[in-house]
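Heads up, the next two complexes both have chain A, just with different partners, chain B and then chain C.
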Partner chain A sequence: MKATNKIRRTIFQQGLSFISTIALALLLGFAMLWLNGSAPKDVLAAAGSSTFASSFRFANMVSRMITIVLVSLAAAIPFKAGVWNIGGDGQLAMGGFFAALVGVYVTGLPPVMHIGLAVIAGMIGGALWATIPAYVRLKFKANEIVTTIMMNYLAALVTGYLVNYPFRAPGSANAETSLVQESAVLTQMVPLSNLSTGLYIVIVMFILICFLDWKTSWGYEWRVLGSNDEFARYGGVKDNRMRFLSMLIGGALAGLAGTILVLGSYHKFILNMGGGIGFTGVLIAIIAANSPILILIVSAIFAILSNSTVGLEARLGVATEFSSILQSVIILLVITRSNIWAGITKLLKRR
Partner chain B sequence: MTYAIETHQITKVFGDTVANDRVDLQVIEGHIHAVLGENGAGKTTLMKILFGEEQPTSGKIEVRGNPVKIGSPAEALRLSIGFIHQNFTLVNEFTIGQNFSLGIEPRKNLIFADYGTVNKKVQEILTLLDMPLRLDVPVGSFSVEERQIVEIGKALYRGAQILILDEPTSVLTPQKIEKLLDILRKLRNEGKTIIMITHKLEEAFSIADEISVLRKGSLVATLPRSSVTKDQLIRLMVGDEPLSVVEKAPHQFGEALLEVKDLSVHSGGRDLVKHVSFEVHRGEIFGLTGVGGNGQGELIETLVGMRQTSEGDIFFDGKNVVKWDIRKRRVNGMAYVPENRVVRGTAVSLSVLDNLIMGHHYLPDFHQGFVLKQKKMESFAQEIIKQYEVVASSLEINAGSLSGGNLQKLVIGREFSMNTPFLIVAYPSQGIDIRTTKYVQSELIRRRDSGCAILLVSGDLDEIFSLSDRIGVMYSGELVAITTPESTNRFELGQYMVGSRRNGK
Partner chain C sequence: METLVEFLRASIRLTTPLLLAALGGAYMQVAGVPNIGMEGMMLIAALVGYIVSFTTGSWVMGLVFGVLAAVFVGLIYAFFVLRLKADIFAIGITLNILMGGVAAYIIRQYYDQISMLLSPDAKLLPAVSLPFLADNKILNVLFNNYTILVPISFLLVLVTFIVFYKTPFGFWLRAAGSNQLAVSASGKSINGIRLAAFVISSAFCGLAGVHLSLGYLGMFALSLVAGRGFVALAIVLFGSGNPITVLIASLIFGIADAASLRIPTEVIPPQFPLMLPYIITILAITLMSRFARSFTSTEQK
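Up next is the complex of A and B:
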């Protein structure tokens, strides 16, 4: 009984240090803006109103958040199994492109089937893009950090060619496909916002991933593989197969992120629509220690932060880069938080 | 006659274990001094103390007659003591000169490393070592034996007059060993003092001026090479106390469950296991012993499928399992308590529960499709903890927070509760207390009496004698003898272990 209390206390302390670290980072952000001449009261009002003042703004935050959650999970699942997936951007692009192809060129299907088909195509597109680095890692021991990053550039170039030439929307000045069929569009949930019923797909997917992580032999074997691969192999875990699988699932999740951007937000594939969000996913996976629940929390914070920039700029003239700076501060503090809190505890004890 | 190094009553205690017990070692200047002993006799610890990597719990060290305190490897180097580790400490991407001068590069024009000067000195050392190696290529392109010599060169470059070598021949082929020994002789003639740790009697015999024998942490004797016989040394290494006997029922031979036929394993150009044949019967404990590094580890790995079979066959329950993967062999009845419980036997950063269900989790009892039955796993884990007396406050704590003995009980509990007809148990009592050891041994006998076939691998002769029904000895990758506890003795086993005797199986 005592032991479980102790565990609860440790978890509580861990959570407390995590949350208080993020609070500390936000305070630092206020301090920076204060030095810059903006009163904390105004900052809070401006930032808060960017997200919470209307349902439209809140919906945009949620829309951004679901993309971040998906790309973070896309990095976290392979990380768990000890494989580095930095290729979220490329997988997102390929997934989005595959979904757009199905959305634009398949006709005559009822919406449910059309959307289902496009989602599956998008996930396959992301997964396929992940199999290449996964395969060369397992077959030729090529470092997947290098290959997944490389595949990001390759994806940008390949989709760039495809939407500039063969699949370019007729008459369009931009590198983008035509609009997807009406039957493939995910319904807008809040007028004028980016948020679509893709939210439900992401909720289902998130629950599925949690289930996979906590309750299945896959999740278990990934966990073991990531913490001691020699032990995993000794115990009969098919190590390479499980690593491969983790990459496939990671790729499919990133592909789904692209799919929802296409079917829900833009209704077409636009070149570089991810805007490098895959790297944000990698960082969040690291600071959330691959835990789905923490990923959810951190993604929300990051989405609110990047949403706030608009209000801060409009009302207080704060540069849009401020949000990136604050995100970096959070990342640095969270990663070094055990040292920071150890230092603070020591200081307090000395006094 | 002056002593290059002299220790007085050096004692080193790690937790509950005494690694060195009041050691008085005297190394004569300009001689080659071999330090012999079985695995775990305390050789490496003693040498690490001399090199400042470990601090003695008590005792004094003198270097050339002066009392010294060696607080770090840097201080050891200042006293001109160099250590050539068993694992290489070279930067593979660097050239010899860059490796030698790393951190102490001479400068020219204040900021540039002066590799011209370095290489001149390197060339002198390589000539001394009789080793014409290229100075402009990374050391990673050299062979293992060349890198070994480069390691020695590095110590010389840094001014070492006293060289400590930790099992320098363990990675070399026989021909290359001769060459290395020649170089060591040459260095001695140049006036260097050499201390060589080894468990190979032949080497100590062919090269040393004096031989010290360590046994269970104590220095049992230092003898001049000229007045000692191999048999004497074997007796010193293995001791001559009577062997303890554990009460057990007479041996009931069942059918052969495991049959190994002419098994060989090659890797990296070396023959790790050479034409080994033996079988283990139901109701039998087959004790496999030998000095560490003579192929026992590789043999087990091959049996469980962690290493590829090069030649030969492994029959398990009548079926040839050579092509089976690890999981298939486990599911079909092989359980394995590995030699290193932290590296291989557990994942210390995961919970006790996660560690206990490994290997069970794919058995039909514990999953439905690929969903694990959480409740069932927990009650199963609780049962193991209770039955094998693992002291763990809950299933959720990290396995790494358990003591060594408890971790071992966890591994043994997990593997034994597979209820397989065959068990491989490697070094089960390594680093655990006497109470746990006794418990493990009685479990092994209980399993044997219930008809299990057990392959026990151990370097501890007492353990081998008291538990085994038959004993096999490995030397240099070969199974040089199969005998029974009744028809052999400690001395004879010692002879097999160091390769000075073999029987026709």
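Up next is the complex of A and C:
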């Protein structure tokens, strides 16, 4: 009984320091904007209204959030097993492209089957793109930080070729495919917003991942591998196979993120539609310590942040790029939060 | 013949940014702290160098401040890794993203540009020549009229080799990476040695970044570094930080880079040649990992 109380207290303390560190980072953000000449009151009003003023804006935030959740999980699952997957961007692009192919060129299916097929194609596309770095990492010990990043650049070039030449929408001035068939479109949930019924797919997938993580032997084996691979091997965990699997699942999740962007938000594949969100996913996975629940919380905060900067730009002339700076600052502070709070308590005690 | 010479010349020019960054990466690699933040250091140095050059009208100032900007990032990196004991990979990747954000923010907020900066006032790095080679046509094309950092980058290979293997500092640097117990036992501070590695490494990346904006392109673009920081990381890993291997690997990548820009786009779509450096990186790191002592990031955790 006492032991569980103690565990509960540490979890509470961890949570408290996590939340208060993020609050600290946000205060720092306000301070930075203040120095730049925007009063905190205006910042708060502009930021708040850009997410919470209408259901349309809120829906766009949720749409952004589900993409972030997926790419974060895509990094977190391999992380658990002790492999870095920084290739979320490439996997998202390939997944989105595969889904678009099925969406555009497969005809005559009822919506449920068409969407199902496109989703599967998208997840396979993402997983395939993760196969190469996973294979060379496990077979040849090729550093996966380097290879997954190279795969991102390759994915941008490969899809760039595909949508500029063979699959370019006829008559389009942009590098994009044609619109997907109506039967492959995920229904809009809020008029004019980016949020589609893809939300439900993500919720199901999220629950599935939580289940995998907490209730199955896979989840256990990943955790053992990530924390102590010597012990894991000794205990009979097939380490390479589990790591490979974790990369494939990661790739499939990033592919799903691309799929939902294609079927739900844009209804076509657009070159570089991910906009480097995969990196954000890696960072979130790091600070959320790969916990799905924390990933959910941090993704919400990041989605609100990136939404808010749209309002800040329109009203106060702060460039939207500010949000990526603030996000990185949050991450640096959260990674080192125990040192920061120890330092602050020391300062207070000295008084 | 002439096209071959031109091609070699382009290869040498493209080798320089990789060589500079990878040599810098080697200083940290041998000290046991792999530099994952090279991409961000190069980007910020390229931006600051360019901005300072066109505001002050002096390439020397651009070079100095570009390098200082990269060193500043290196000091932040060192503070988080050495002082706060944070994970070197996590901080490195975060710093890369942070620098991408800072660069995008600066050109957007202060110069109202979306992806690039181009100013007629920018003073670019000057070209240098050896007059006695100017008489021979081929040698003249091959070895003369490079911007100043190109010959310097090749000189720095020699300097790095001497520092690593012929000086006490190099001895301690390598010891901090391979035999920490001996370093602590002899009363030297591992963190002190590694801090020096961070500073030198980031300064080299700073040179690489300034070369890209003020030497190679003559402008700044957010896509200017384009993964070169990570290609440089791959180069460092091949030879476990040996400067000679770094030179050879950088030349190979420089040639691949040059080839990717010179394959005529009427024959094949431009995306394919551009894939070359990335494919070669993956192939090379895969093949070399079998021979080289590869560091496996996550197993250390």
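As a working rule, the second predicted complex is superposed on the first by the 351 of 351 C-alpha atoms of A that agree within 3 Å, B and C clash if a C-alpha of one lies under 4 Å from a C-alpha of the other, contacts with A are read in each partner's own complex, and residues count from 1 in each chain.
Rule of thumb we're sticking to: contacts are C-beta pairs under 8 Å (C-beta built on N, C-alpha and C of every residue); 3 or more make two chains touch, one makes a residue touch a chain.
Keep in mind the model is a prediction, meaning the values are calculated, not measured.
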item	value
Superposition on chain A - do chain B and chain C clash or fit	clash
Contacts of A:150 with chain B and chain C, given as first, second, both or neither	second
Touching partner for A:53 - first (chain B), second (chain C), both, neither	neither
First, second, both or neither for A:86, with chain B first and chain C second	second
Partner chain(s) touched by A:208 [first = chain B, second = chain C, both, neither]	neither
Touching partner for A:27 - first (chain B), second (chain C), both, neither	neither
First, second, both or neither for A:336, with chain B first and chain C second	second
Most chain A residues touched (candidates chain B, chain C)	C
Partner chain in contact with A:217 - chain B first, chain C second, else both or neither	first
Listed stretches 60-68, 150-158, 168-176 or 222-230 of chain C, narrowed to the one that overlaps chain B	168-176
Touching residues (chain side chain C, partner chain A) in the complex	36, 80, 84-87, 89-91, 93-98, 100-102, 104-105, 108-109, 226-227, 230-231, 233-234, 237, 269, 271-272, 274-275, 278-279, 281-282, 285-287, 289-290, 294-299, 301
Footprint of chain A on chain B - complex, ascending	304, 306, 325-327, 330-331, 336, 338, 343-350, 354, 357-359, 361-362, 367, 370-372, 374, 393-394, 396-397
Complex contacts: residues of chain A adjacent to chain C	79, 82-84, 86, 132-133, 136, 140-147, 149-154, 157-158, 160-161, 164-165, 226, 229, 276, 279-280, 282-283, 286, 318-325, 327-329, 331-332, 335-336, 339
Residues of chain A touching chain B in the complex	2-4, 6-7, 215-218, 220-221, 223-224, 227-228, 230-238
